[in-house]
Amino acid sequence: MKKLLLTLLALMPMTVFAEGLDGANTSWILTSTALVLFMTLPGLALFYGGLVRTKNILSVLMQCFAIAGLVSILWLVAGYSIAFADGNAYFGSLSKFMLIGVTEGSLSGDIPESLFALFQMTFAIITPALIIGGFAERMKFSAVLLFSAIWLIVVYAPITHWVWGGGWLQEMGLLDFAGGTVVHITAGVAALVAAIVIGPRAGFPNKPMPPHNMTMTITGAAMLWVGWFGFNGGSALAANGDAAMAMLVTHISAAAGAMTWMFYEWIKYGKPTALGAVTGMVAGLGTITPASGFVGPAGGLVIGIVAGIVCFNAVILIKQKWKIDDALDVFPVHGVGGIIGTLMAAVFASDQLGVFSGQGLAEGMTIMSQLQVQAIGVTATFVYTAIATYIILKVVGMITGLRVSAEEEQQGLDIVSHEERGYDL
Amino acid sequence: MKKLLLTLLALMPMTVFAEGLDGANTSWILTSTALVLFMTLPGLALFYGGLVRTKNILSVLMQCFAIAGLVSILWLVAGYSIAFADGNAYFGSLSKFMLIGVTEGSLSGDIPESLFALFQMTFAIITPALIIGGFAERMKFSAVLLFSAIWLIVVYAPITHWVWGGGWLQEMGLLDFAGGTVVHITAGVAALVAAIVIGPRAGFPNKPMPPHNMTMTITGAAMLWVGWFGFNGGSALAANGDAAMAMLVTHISAAAGAMTWMFYEWIKYGKPTALGAVTGMVAGLGTITPASGFVGPAGGLVIGIVAGIVCFNAVILIKQKWKIDDALDVFPVHGVGGIIGTLMAAVFASDQLGVFSGQGLAEGMTIMSQLQVQAIGVTATFVYTAIATYIILKVVGMITGLRVSAEEEQQGLDIVSHEERGYDL
Amino acid sequence: MKKLLLTLLALMPMTVFAEGLDGANTSWILTSTALVLFMTLPGLALFYGGLVRTKNILSVLMQCFAIAGLVSILWLVAGYSIAFADGNAYFGSLSKFMLIGVTEGSLSGDIPESLFALFQMTFAIITPALIIGGFAERMKFSAVLLFSAIWLIVVYAPITHWVWGGGWLQEMGLLDFAGGTVVHITAGVAALVAAIVIGPRAGFPNKPMPPHNMTMTITGAAMLWVGWFGFNGGSALAANGDAAMAMLVTHISAAAGAMTWMFYEWIKYGKPTALGAVTGMVAGLGTITPASGFVGPAGGLVIGIVAGIVCFNAVILIKQKWKIDDALDVFPVHGVGGIIGTLMAAVFASDQLGVFSGQGLAEGMTIMSQLQVQAIGVTATFVYTAIATYIILKVVGMITGLRVSAEEEQQGLDIVSHEERGYDL
Amino acid sequence: MKFVTAILRPHKLDDVREALSEVGVSGITVTEVKGFGRQKGHTELYRGAEYQIDFLPKIKLEVAITASKLDEVIEAISGVASSGKVGDGKIFVSNLEKVIRIRTGETDQDAL
Amino acid sequence: MKFVTAILRPHKLDDVREALSEVGVSGITVTEVKGFGRQKGHTELYRGAEYQIDFLPKIKLEVAITASKLDEVIEAISGVASSGKVGDGKIFVSNLEKVIRIRTGETDQDAL
Amino acid sequence: MKFVTAILRPHKLDDVREALSEVGVSGITVTEVKGFGRQKGHTELYRGAEYQIDFLPKIKLEVAITASKLDEVIEAISGVASSGKVGDGKIFVSNLEKVIRIRTGETDQDAL
């Protein structure tokens, strides 16, 4: 009997037993943390930076950098605690203020809590960084900082608590593996609201504002692809089959999104563009994010294809039809992607779809009942983010003002806000 | 007795017992997968992109991106199955079509099969991406896509089966740790054939076509170096001494290749160039690839030095003597590197070479007998790839045409194929 | 009883038992190695490259690359042995010449020795690469190579032995987790000495020499941030709570350094610059390095803030007051950061500081007694490096000459030393 | 024929081009230049070192016209390029002896 | 002396330079410019937004010559720069009053 | 009025600008150009292929002045731009018929 037990012990993966730290999982999350930081710096910074005009390139890079710095400190001070310390259904608490009590020995599950806090910090960084695409090329730097700081505490940290920190959406059974609601819907909606409140760039939509450096944008997009392995794969919080499958479907969706957008554009406008391909790729990545831990490869393929088609049309709708100057298309790509991904998670998580099956819904859930939960999650996130973002912008507007002057906008934010130039070749 | 067993159990590495998943190995292969994707996007894209003229920069980046997307989907649909599902000595089967049956619980060895399929997918991406260097700056985009798709299925997937999927070369005992034949020879030979079939760029060889952005090329080269750790180190499929040694010899060979090319050039032309150094580095990396799991540090050093010297002369021979416009020197660097590396693997794997010893040849093998096997592997890969590539190009030529018009070539592929410009500084 | 033992066995982390290889730790150090190489190539190369003038961009990239190649080979041949093979208090030995005896089965602790040697190799690469910032834009390429080679053997390898290889400073109990003395002080001091010996760039300090490509510098800085996770996190040589906490405090310090420098500049000069933010970030990273394995999150925050303030003023002092043309501010950022970080490690390692507590000092040590040890470590490293660097430069000057001619400097090192141009857009 | 060279603020280019089209000018050549004049440049700040950048980005527009159109062209340019603030730029007029259209070999008026 | 300014297609530069060498011109100055004329530009496409780019990359070549060489020079340029398609460019000729070689202080013919 | 065009070595620009300020010139326009002349270019080397680059980076400085200042201006430029080595560049002088300051509409001398 003892021998049997012994053998069993030996055969089963360590994690089952380990109430202590699991080195393998820790190793992968250490790595994933680096990958997610890499998504923002330099990934997103370059992706966004290439899309603006030369005179504003540094303002974009600087905003990404400054947000990374500011958010890290706020997350340490209070953000993590609001999101993940015990609290009520809507809000954590300040009991982990300054990460008090988090030592090198503290665990969160079977990985160090310091690592969990840091991994989550990199998510907290990228979300406000995504928003800057909405108000790029015209917002005051002081306003960007103040807005991002308040937004992190008032919008991001509580919604994280709702979905991942034991809050009401988690209780309800919302499927959001790596941040469809928490990251992409919040960022997309905030960018849209900001674009509307701040108003379009001078000259929009008549004056063409082509990207100043497509090579930079493509480089950044490639880094996003790579880094997203840590974002979705790391969200398994383990080095196991879940992480691997999440990475696989993430990759498939990215590829499918890119190809779909490319061919769609090719058919519709006669030429396949590099910007189209990488935008479709990002749409595929954003859309699979909430679903990545629940669906299978073929499900990932469908999600990527849908992402390509829907987000493509969303860009045309918002920018060209509605003439909202969400400058770098944050809402149509991330917001819309997050919404449809969160909804599709309910479908492709089902294990009843033949080759399109996923890992199965929770006990007692059907596609329809899960869809309902997902819809509630999407709606709550959307509405709360929209209202809160609007109020924050109004407050920030009163304190610092939101926008540079027309003449400063003309001259470009690099010189005006930072007294630097991007290139002196 | 039981206690002894127990102690033994505890002392031996987990992997020995685990018939289940090994977290540590999984963690490293998750990471390696990210590293290998990083090699293509943005690594190779930038390495190649910097070498072309400004008017074609986006075409190169776009081809890398589109190949990544297309190949990922084809690999999911059929490529993986052809390469790795059970089959005969030459071809897998379609039993894993759409990765059917690969769930989050499936294992391949002691890592998730979804991970193995994804890791291999990143190899399948970089191989056709390498080829574009041969026909850069003149091939139609539609032809690039069609060619890459057919080539993946007809050339790459079967040869992968031969060498790694249980096929005839594996049976014969071919040593190819990470893709000297599978990746580098196939890509190099295909690029050479394509360069010949498509013909030189207008103006070649009289008109100088210097790189438009050496900083981009060097950045990409650096990323290749880093990513190659996942390529060769990950090919151990474990986080152990084999992986570590493979990474070490890979690094040494890269360094040796770079230094050798640099000093050679310095002596021969009077100046050491950055392009020379990074080209030598890539040559060192490509050449060590098949040998990386079998040789020791000093063997890696010799392999890197030989790579630098031989590939340097191969570039001069192909481009300047034979006047074949393999635009970005894919054959002389990767093809030739793959060939000599596959051969040298037989030598430096031997544990009879004193300080230059490797990890030892298989039971019953001598350097000479192993060399024979290696030669057969090289020849088979070379000949099959050459013939198949030639036929595929002819077929693609009939369907889409291979080359843009002279006027379009003059204007540049970025505007002509993608209606975009790389820079608007 | 046996059952108890069994359960205990199962509950305790693998590493405690494993006298053999630990896969999880190996996995993380394989990854960390890639991250640290990534810091130099392309991270540091781009960070530095963007700061020089267009005509010298390739010289900087090339120097980083060539140093990586050269140092790797020297480390294989003798560097590792001098640093880590058994020897006396000041010097290892040549017993591991050519990594003799290091096979795929050799261990160093519970990771493969080949991995440890490679991980350490990436540290050996970045240190001389950091120095080139001191003499950028004017030194002969041959002199750079010769200097770096001698310096590695005479300065870097021995000091590594002192601190990490069982030498006298390690014996004395010096706290230097990841290279405050070994890497940052040595590099900073060497750069300062080199800047003085070689003299300022033509035109300094009257002629403005603004960065030619701030986007490149920011990209490189972002890569340094990401890569530093491997530098400091990897220095735990394990995937555990120590690694995680080291990464967390590293990140916090980087963020704090960036924000501090940014706000300081904003207040002092009226504008927050991107270069300021990234410089502060690097200062934060360099400064936390020696302390990263010993302090807690709040300690990391304070260290980052101090780094921002002190290094900022050091730049002004050295460059603008003392008019020493340490071209890319290596000493004020890395040297000064390394010094204050090594000293602050003694303070914030203490577990008596409430929220600012660290992991505790060694048995019998007080903050004051530890500070004494740290001061000795700093002084010894500073003085030895300064004297040795001076002598090496004089020797190299006699062999190759140190500086290009005035006319060559005017024309730029890219054409003069490498016959290439960075951009041809 | 006259050769008119105008130094303009970069963002005025599109307006000027349209204004010229309206007076029948069908071809122009544009160069990115740096101007130095009464308009103050900007400061740049790098690690505490402040640089005064005196040169400002300007656009140089060159257009060959038949002499009779000169006043109209000057009007057209001045009309839209003027903002009333220092730095609006100048128009220089010189004599043009000959024009050849390379494609056809046409000369002078026919070549414009 | 005459000052000849030619607007050319970028890829014709090398041929023109050689043609000028053959007629004894030993120095030229070249600028990258953007041209607007009868030749149609191209379209660019970014996320579904199509932009018409009217300005085309051209090369401006400037050369000071002695008056007697004028016809020869015009011939040389036109000869190789012409493709017969719209967009080949123009040659402008104006009078040059004085030339100084900075290095030696030589003037006029001697300075060319 | 005269229109003076000088081709200079790039690193001489600041000195020339100062020298011109001293003789009362308050505005100039500068273009980055590539020059071809007696001065030899450099070699570039890419993977064993050696290219001779004939074109050298030069600066073109354009300044409109009143005729009476011509000699002074030529002196000022020549004075600081000369190094005595091949490649120092040239000064070209042509006649300028008219100048308009866009901002104010002032013309000729008043517009300079």
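A, B, C, D, E and F are the chain letters, set down in written order, and residue numbers restart from 1 in every chain.
The rule is short, and it goes like this: a contact is a pair of C-beta atoms (placed from the backbone, for glycine too) under 8 Å apart; a residue touches a chain by one contact, two chains touch by 3 or more.
Owing to the predicted nature of the structure, the values given are computational and were not obtained by experimental measurement.
Trainee: With a step meaning a move to a chain it touches, how many steps does the shortest path from chain A to chain D take?
Mentor: Contact-graph shortest path, chain A to chain D, evaluates to 1.
Trainee: How many steps does it take, at the fewest, to get from chain B to chain D if each step moves to a chain that touches the one before?
Mentor: Between chain B and chain D, the shortest chain-hopping route counts 2.
Trainee: Shared interface numbers for chain A and chain B above half of all numbers used, same, or below, different?
Mentor: Both copies, chain A as well as chain B, present different residues to each other, with under half of the numbers appearing on both sides.
Trainee: Could you please state the distance in Å, as a whole number, between where the Cα atoms of chain A are centred and where those of chain C are centred?
Mentor: Their C-alpha centroids are separated by 32 Å.
Trainee: Could you grab the centroid distance between chain C and chain F? Build each centroid from C-alpha atoms only and quote it in angstrom.
Mentor: Here the centre of chain F sits 46 Å away from the centre of chain C.
Trainee: So how far apart, in whole Å, are chain D and chain E when each is placed at the average of its C-alpha atoms?
Mentor: 18
Trainee: Considering chain A alone, which of its residues make contact with at least two other chains?
Mentor: Those would be 2, 6, 9, 14, 22-24, 27-28, 31, 210-211, 213, 239, 269, 271, 273, 275, 418-421, 423, 425.
Trainee: Provide the list of chain F residues touching at least two other chains, using ranges where the numbers run on.
Mentor: 31, 44-46, 50, 94-95
Trainee: Considering every pair of chains, which are in touch?
Mentor: The list of touching pairs comes to A-B, A-C, A-D, A-E, B-C, B-E, B-F, C-D, C-F, D-E, D-F, E-F.
Trainee: Going by the contact rule at the top, pick out the chain B residues touching chain A in the complex.
Mentor: By the definition above, chain B touches chain A via 2, 5-6, 9, 14, 17-24, 26-28, 30-31, 33-34, 37-38, 41-42, 45-46, 49, 57-58, 61-62, 65-66, 68-70, 72-73, 76, 98-100, 102-107, 111-112, 114-115, 117-118, 121, 141, 213, 216, 239, 417-425.
Trainee: Can you list the residues on chain D that touch chain A in the complex?
Mentor: Going through chain D, the ones touching chain A are 11, 14, 42-46, 50.
Trainee: Spell out the residues on chain E that touch chain F in their complex, using ranges where they run on.
Mentor: Touch residues, chain E against chain F: 3, 17, 26-31, 64, 94-103, 105, 111.
Trainee: Per the contact definition, I'd like the list of chain E residues that touch chain D in the complex.
Mentor: Residue list for chain E touching chain D: 2, 6-8, 31-38, 54-55, 58, 60, 74, 77-78, 81-95.
Trainee: Which bits of chain C are touching chain D when the two form their complex?
Mentor: Answer in residue numbers: 208, 210-211, 265, 269, 271, 273, 275-276, 279, 312, 315-316, 319-320, 329.
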